[in-house]
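The two complexes that follow have chain A in common; it is paired with chain B in the first and with chain C in the second.
Take a look at the complex of A and B:
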């Protein structure tokens, strides 16, 4: 298949490549730090849980986490689709469905992170 | 010309002996897709725990069930497999472990590290 590409498009993959790695590093670091935190200081009760999740530092780091996860998932899923889905309309439909799902998920996650009170 | 061409003209997945690095690679993809599919579950659980005292207690009681704990171990397995294969990826980006021998050793290490974490967690929570 011959694909004509606009000038400069060769650099587009590089941005995704870097973004996939930056988000990976943040996600990995965040999850490891969270796991260690919960092992050292387990969640005691509902009030403690609300207080901890209400802290601005926790909310900001969780926001960065969910943004990273959604970007990482988007790039990852797209490259899987590009490798295995060769029927154009099907690939397009699945890509759009994934984009909608991930956008919805991010909105929902951020509403949970920033919504509930404190 | 045609008789000299010994290339297989089909890809029979059962006849391809995937090298260990290839196995890690395909599991990296599969575990990534599964983790994405599980994202809504984690957001839902987070939402429930913040909803009310009663919901918080219900979620905590639910994750104490043996079934839920076993499911969590499976998810942990996906996650660790993806994490360690990802770390191997990042190291290879920096030209660490790119030789054939190191690549194979690294692939085995991914499985070993994953097994270690999952077994440790299993011993702790089951």
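Take a look at the complex of A and C:
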């Protein structure tokens, strides 16, 4: 029989919940603004792309975008693991693997955004 | 009218099975519970809970054609045949349509579903304005039938740690009560990745509630209250 564990409250969870929503808003806004920008002012050629991606505003907004995606994915994936993975060592292993993967992806994305032409 | 009913007697059956029953035309039953009582005359080993037969006690909650509801207030003419009846999902079955709700009640108790007020007890009653009283509408009507919590996947996966929609609706019922003085303590007890934040707002609870209540909305109010506390 299942027994509830009245371990009390962990006094957290709200922060993740707020971050999940804030990052979602930024991701959605960024994608829409970017799409509109490309429709209104299409980038013509290689030099145009170099110039556009070299702008600090583009790099900062892209950095915020990738950071948001990683935070959003981290909270979301952890939530999925909390729902479905009930074996502690397995969950811990998967959580660590996810963290390493997301950190790698973020490093890669930032290297791309801040790399060439800087 | 054809019925397929989940049968399981742990003392004699190796595993559960679905048994077919049929009621002749002109049986006279209007609600599903009436039909169940007629079927029980055919086979008195069929077990289910019922009491008030008018949607007030919450005893005859079951899974009706894949959807949780109360047999006593479900009209037969709304149901597709064969009417398939199963116990509430995700709960240990005691026998046939009867499930063990201990876990559900334990989570209910966790939210301290009573008024906490340390002031001296007044001569007659603790007064509220009509507006304050109106905030409890849609909350106090819960009959604890467990239709919502047992329709919630988060409650299926973590019934021991997620409080479930029914308990959270009651948590909000006392947070919303102007006479209650334990708001801080209640919020502290709710702020937890499992207890409250396992809810992913899929709204199965609001969809199935036979009393038309909105546990999903109540959970949203609790989150807003937590948010206001830190902003």
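The working rule: the second predicted complex is superposed on the first by the 106 of 118 C-alpha atoms of A that agree within 3 Å, B and C clash if a C-alpha of one lies under 4 Å from a C-alpha of the other, contacts with A are read in each partner's own complex, and residues count from 1 in each chain.
Convention: a contact is a pair of C-beta atoms (placed from the backbone, for glycine too) under 8 Å apart; a residue touches a chain by one contact, two chains touch by 3 or more.
Since this is a predicted model, take the numbers as computed values, not measurements.
Legend: residue contacts after superposition of the two complexes on their common chain; A:16 is shown touching chain C, with no touch to chain B.
When the shared chain is aligned, no partner comes close enough to touch A:40: not chain B, not chain C. By the touch criterion defined above, A:56 reaches neither chain B nor chain C. Contacts of A:88 after superposition on the shared chain: neither chain B nor chain C is touched.
In the overlay built on the shared chain, the residue A:28 is in contact with chain B alone; chain C does not reach it.
In the superposition on chain A, A:73 makes contact with chain B only, while chain C stays out of contact range. Of all residues in chain A, only 1-6, 8-14, 16-18, 79, 82-84, 86 touch chain C in the complex they form.
Within the complex, the chain C residues that touch chain A are 92, 100, 102-103, 106-107, 110, 153-154, 157-161, 188-198, 200, 223, 226-227, 230. For chain A in complex with chain B, the touching residues are 21, 24-25, 28, 31, 46, 49-50, 53, 69, 73, 76-77, 80, 105, 108-109, 112, 116.
Here chain B touches chain A in the complex through residues 29, 32-33, 35-36, 39-40, 43, 46-47, 49-51, 53, 56-57, 79, 83, 86-87, 90, 93, going by the rule given at the top.
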